[in-house]
Every structure is written in structure tokens, then in C-alpha cells.
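I am attaching a structure below and will ask some questions about it afterwards.
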């Protein structure tokens, strides 16, 4: 049986994180969705599909099991649910996923290019390039589009041996960004950073078309200043 | 005789949709106009010409017949009325038209290029390229400029066999965008999307100058995920 | 003797127009100034120099004669006053001048290029290219910089036989835009339009690097739809 | 013993200046920090590390001595403190330092290029190019990263014989901008100007790819119109 207190707290967090997307300018109309997983409780909570942010309430959030099967009568879940489920299955240590069509991340996703690490703003959050998936095949799109989208993300990370905790986001070719994190709020912050570094990277190349990524030692310094056991940024 | 209740409801919807344009950042000063048609009642309701948004009221909306002849004493209709009328005559299933000078759509209109479908944000609303009309001739501009603007839009759709319900917007060469939809609100949303994908497409080409449009199967998938009998996006 | 009622009304209009600049996003910090002239009364009212918008009041506006000599004890006038005076002397039918460092107009001014008329948004307000002055010489800068800035603007219009009423704005090479109009409000609107078309023109060239200005007949159509005895835009 | 009244006033100023950064759109999340020095009192006051702006209070500001040693129990100082300390040691006449990851300044920092003086908006605040430091070496990053960041800034100014009072800001290669000034408020204003001229410079080069910096005499005129004994901008 579902733990109502736990579920209600998840709904509140997921609801707040969804609202944070248009507030941060990452989402127009109904584009974008946030989910959270509780692996022990066996539930995922996600935004309902196509509901305007202005009328959305915490109680509208949809509860599913770990395979994405809806557990409560009510609204339909986000159509991107199956992508979230795949990410949760493959990336065991993440607790929240965000999808947006934020402008600058989409521009890179549409260009089919990974985002190089051109500076410390990038390195503070993403430990190396933000990968871009390969294009989905006709068969993948026809069979189970959203599930296959999740699989192609996982493939991009495993092929390039990228740790999803060190690079908490990705561009889906021709589509847009997904990010993740320990909490819905953290996953939203990663979406904010991803869009910002996408914009910065584009203009960096315009200002200097021969620019190279920052050296590995600077990438290391900034990432590990904020992450891991030797982090010294922020309060303890 | 005019049905006052029906007309007043149309005026409210058209008024709200006009206000939504500056709120969405699509319109500066008095640029932009929205209209709605009721073919059975034989009326079009449209924004008055050159009235500031800050002092505009629902009762200022102008009522015309299906040929654009004003039916009530009051303010002059938008100078673009004749374009709206042409679109209503040619596109029998649309109920609302929006014209703006929104920045990014104008940039493409001024460049004389159609907008390629570079991603799923595009495909979710526009099923293929957003066409750009040919340039109006000197004779067309001199004779009946706004009416000819409507005709050249219709020509662009018929020449390329584009369905105006599948591609609910257009760029007029050297001028700017028109969009349409089932309701004024939907037509405004299509203007929001059009400006967003115009901006995304421009930078997509900057980030990767050899990028190609997304494949037809992905265009199909995203458009029909949201439109038609097999749509599964949103609530039912 | 000064007509206090008339002066106070001018101060109110000039004050409001100055406030409208940061509200429209055209001005940061204390950059920008608006003035109004009353030729019959023999006075110019202009923003004081370097006063923050947040603490500025209508009574702070500075009153000068037609040569820019201050007529009331109080704050110092904008350091650009001498430029305004030159424009009023040369362009007899204008009643207000605006100077800003609005982003996109400055970009063009810094590039040293006139803005081509790439579309009807441009043509609705500016009947042809927005000229860019030549660079001031070392001697001109050393002798009477602000006055010479006014002269080089006037030179740009007379050399190219441009009517300042038909093209109510200019770019000063390496500096930024000045606009003017019948009223302070109208001059501010022209600054808003100038910045918008500057941005549009830049990206138009990026989207299509071989784009040409719109033909003369379309320029004529749009400008005279809004200006002159045959104008039919707006209410009468 | 610390002068509590003086310290509290410094905390208020530093707190206000920190809040001004997100208000000006220069800072997202917790990126950015402001400090103030009182050399006579022997104290530096700086933002705490990684504290969200929404919950930050004046009393959270951290007090250190002139070597950056914390003098009061409480929160940890900004991780960039050592950079601020180096700047205060080398630039004897500055009283406040600001660091941000503001978008356009970062784009130039990531491109590794100094910002040329393309116009008077630049010249009003920065008397010549805004320099970009060399890249830090692996050894510098490994040993004392933030301290070495300060040193490389000082090196950039001394190598090119740039006066830090005439050019109150810098780009750190691959990282972002630092600015300074007589007061925290002035240092923040310099950050606002730096981001604005960075954006303007980028597009100036796009509009005209052969553009040259403004001549020295115009740079002189604008800078000394606002600074030094012959300044005549603003009220006295």
C-alpha cells in the first residue's frame, strides 16, 4: 500500500520543481516535465501531460510504479514518462529527471553536437562534454519512441564511458535536453546551468572560432571544488 | 440581426488574445492583431487599428461581415483586416488569425527563407517547413496591398500543397508572420511557437552550418503525437 | 518671463519620457536623455546629467534657452545638451530628441554601418536607411565634442538628402543612436523601433547573407500607410 | 578589536551589492560574490560561499583580515576570497571587488580574447581594452588556484602597463570577469557595464567583421568626460 505522507511530499516537490521551470524561463506553454523516484517505496511521481502551469496543482501529479504503470485514478502522466523510467533503470543513483525544450540546449540538440567544456561555468556542474545522442532510427521511433529515447541516452553514456553523476545531463539529437540529480530541485538547477552553458558555448565559438576546450586540469579543479569528498565550495 | 451575446463573447476572446501578444513578448507598441470568425453567424471580430494595448477594451473590438465590411459604428478595424478575410475565405477550417511583428519570425521573413524543421519543438506544432511567400509585385502592392498579402499566402500553401491545418503559420516575405488556429488562444500559441522555433533554427545553423532537417519519420511521430485521431499527448 | 504652467507641463512630459527609456529596456544606469523644445516660448527642457532614474523627479528637469543656456538655478543639464540644440536648430519641425545607448542600435553605430531597410517593420517608421554619421575628427572631438556631434548628424542628412521627418533617427559612428519626433513620447517610440529594427537587421543578414533591402514600392506603401495625407493606419 | 558599527555598515553595503547582481541579471543560482575592504580597519567583508540569494542576510557576510583569515565564527567565506585578497594587495586604491559569471563577459573570457574598445559605451567606463589573462598553468591550478587567479590578473595589468583604476575590470581566461571600484555599488555598476559592452562588441564584429576600435582621441574624450579633474558629466 502507498505511503500517503511520502507520496504527498513527493508530489509537492515535483510540483514545485515543475513550476520552477517557467519561472527560470526554461519552459513555454506546457513544454517540460519533472519527475522524482523513490526506489524503496517503488514509486515515481511525474507531471501530468499537457496541463497548463497556471492551473496545475500538486494533487495533479501522477503516481506510477517503477515501470511507469499508473497507480492512482486521475490525470494521464507526461508522454515522456517512458524516457524517465529508462533513465531511472539505468542510472541507479539519480532520484529526479527533468525534460525541457529550453532554447539554447535545444539549439545544440538540433545541431547534433555535444557541448564542449569551454569554461569553468561548465566545469562547475558538468565534468566534461555534455553528450548528444545519435539520431533515433525509423524503427526505434515507430516502435516505442519515448522508451527508445531513454535507451539512446543511456547508450551515449555507456559508449563514451561517461558517468551520469559527473555529467548530469544530455542532449537528445533533434529534440532537446534531459537533466537529472539527487533531488527535483537539483535536477532543475542542472537544467538552468545546461541552458546557460549552451548559450555561452555558442557565442564563445563566434567570438573565437579556433577556441579549444579548457584543459583537463582546470576541469578537474572546478568540478572537484564543488563535488566529492574534497569539495570546499559552499557551507558544510 | 447580430446576436449580441455571441458577438460579446467573441469580442472578449479576441480582446484577451490581443492582450496575450505583448504579455508573451511578441508585440511592441501597437504592432499585431488578432481576429476571430463565426462563419454561421457571418461575422468577423478584429482588433481596432493603432489602439494602444494599455487603453484597449473588449468593447473596442470591431465587428465586420465575412467580406470585412464594418457592421457597427465605432473604431476602424486593423489595417490588416483584408489579409485576415482572404485567409478565412481560403482556409475554411480556421477560426482565428494572428499577425505580429515578433522578432525572430520577422528576421526569417526579412531573410526570405522558409524555416526548416530542425527539431521536435518545430514538429510538435508545424508539420514541415514554415513557408515564406514570394515577394509581392509592385502592381499587387499598389492595387490592394492587404488583400494581395492574403492571396500570396494562400498561393504559397497551394503551390507547395501544404495543408494550412498541419502548418498553421506562414512568413510573408519582407514583412512578418501570420498564424491561425481553431480559437484565438490557439492561434496566439502558434505565434509563440513560431517565434521560438525561428530563433532556435537560426542558432542551430550557427552551431552547425551543415545541419539537415529532422527525418520525416520523426516529424510524423511528433506531429501525430499531438494531432489527429491517434494523438496521445495531453488529457482527453 | 517664463510661463510656469507651460514649463511644468514640459517638465512632466520630459520626465515621463525619460522614465519610459529604462521601462522599455533601452537604458541601463544613467545612460540616455530626452529633451523637448518649445520654439515660441524659447525654451528647451532636458534631463539633468547623471541623475539615477530611481530618484529623479519632474522638478529636476533643466530649463534652457534655445542656445542651451540654463535659465533656472538647479541641476546641470545632460552633457549631451549641445547635440540636442544643434538638432533643434537644423531640423525645424522636430519638438523632441532622445539619446540612448540601446544595445542593438549601438552595435550598428559601433560597426559604422547604416541600417538597410530589410522589412516593413523598418518601413513603418523609417523611410529608407537609417544613416550612420562619419567619424568625428580629432579636432572636432577636441573643440566642442557634443556640438560637433550634432553637426555631423545634420551633415549626414543633408549630404544624402534625407528628410529628418521621414527618417526620425540616426546612428553616430562609434557612439549610438539619436531619435526625434513631434513629442517626447513619439521620439521615445522611435528609439524603441530603431533598436528593434537594428536587432532584426543583424539576424536577417545572418539567416541570409545575400539578402537585399525591400523594394522601393514596398517601402513607399508601408511608410505612407502610416504617414502623410493618405495615411490610413490608426484612428482619425 | 573590531569596530562593530563600521563592520555592520560594511556588511550592509556588501549584502546590498550582492543582491544587486541577480537583480541586474548578472548572476544565476549562487554564482557571484562581492567584497569590500577597509585598509585602515584591517578588514575585508565578503559574501559567504554557496548561500542562496533568497535566504541570505546582511549578518551572514563574512569578516576576514587583510590576508583573508576569518575573524568571526560563522559561515565560510566565498571560495574566491583569495582572488579578492590578491587584488586588494596589488591594487592599493580599490575598495571593492565583484566576481560574476555574467553571460557575455564569460563568453569573451572563454574565447580567450580581450574586449576591444569599439565605442563610447566602453570608453565611458573602461579606458582601453578590457584585458584577458593568460591561461593558468597546471601547477598554478594545483597549488593555490584562487590565489594564482589573483596573481595572473595582476600580471595582465602590469605586463601591459594598464592602470586598474582606468580599466576597472578583467576577464580571467576560461573563467569569467572580475571588476572593482571605489565602493561595492560602483564595482557592481562596472560589472553591469562590462557585460553590456561584451555583448555589444560581439555583435559589432558580426555586423562589420573589419571594424576597428575607436580612435584614441575619442577614447580620451569619453573617459575624461566622466573621470578625473576635468570631468563634466554628472552633478558636482
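As written, the chains take the letters A, B, C and D, and residue 1 is the first residue of each chain.
Everything that follows uses one rule, which is that a contact is a pair of C-beta atoms (placed from the backbone, for glycine too) under 8 Å apart; a residue touches a chain by one contact, two chains touch by 3 or more.
These numbers were taken from a predicted model, which means no experiment stands behind them.
*Asks:* Kindly list the shared contact partners of chain A and chain B, in label order.
*Replies:* Correct list: empty, since no chain touches both.
*Asks:* Fitting on CA atoms only, what is the rotation between the copies chain B and chain C? Please report it in degrees, nearest 5.
*Replies:* In degrees, rounded to 5: 90.
*Asks:* Measuring between Cα centroids, which chain is at the maximum distance from chain A?
*Replies:* When every chain centre is compared against chain A, the largest gap points to C.
*Asks:* Any idea if chain C and chain D meet via the same residues, over half in common, or different ones?
*Replies:* Homomeric contact, different residues on each side for the most part.
*Asks:* Hey, how far is the Cα centre of chain C from the one of chain D, in Å?
*Replies:* Chain centroid spacing, chain C to chain D, equals 33 Å.
*Asks:* Please work out the Cα centroid separation of chain B and chain D, and write it as a whole number of Å.
*Replies:* 47
*Asks:* Please set out, as single numbers or ranges, the residues of chain A touching at least two other chains.
*Replies:* 206
*Asks:* Okay, what are all the chain pairs that touch?
*Replies:* Taking the chains two at a time, the touching pairs are A-B, A-D, B-C, C-D.
*Asks:* For the complex, give me every residue of chain B touching chain A.
*Replies:* Within the complex, chain B touches chain A at residues 118-121, 189, 192-193, 196, 199-201, 203-204, 206-208, 211, 214-215, 217-218, 221, 225, 232-236.
*Asks:* Taking the complex as given, what residues does chain B use to touch chain C?
*Replies:* Those in contact with chain C are residues 28-31, 48-51, 75-76, 79, 101, 103-104, 106-113, 135-136, 138, 141-142, 145, 174-176, 202, 205-206.
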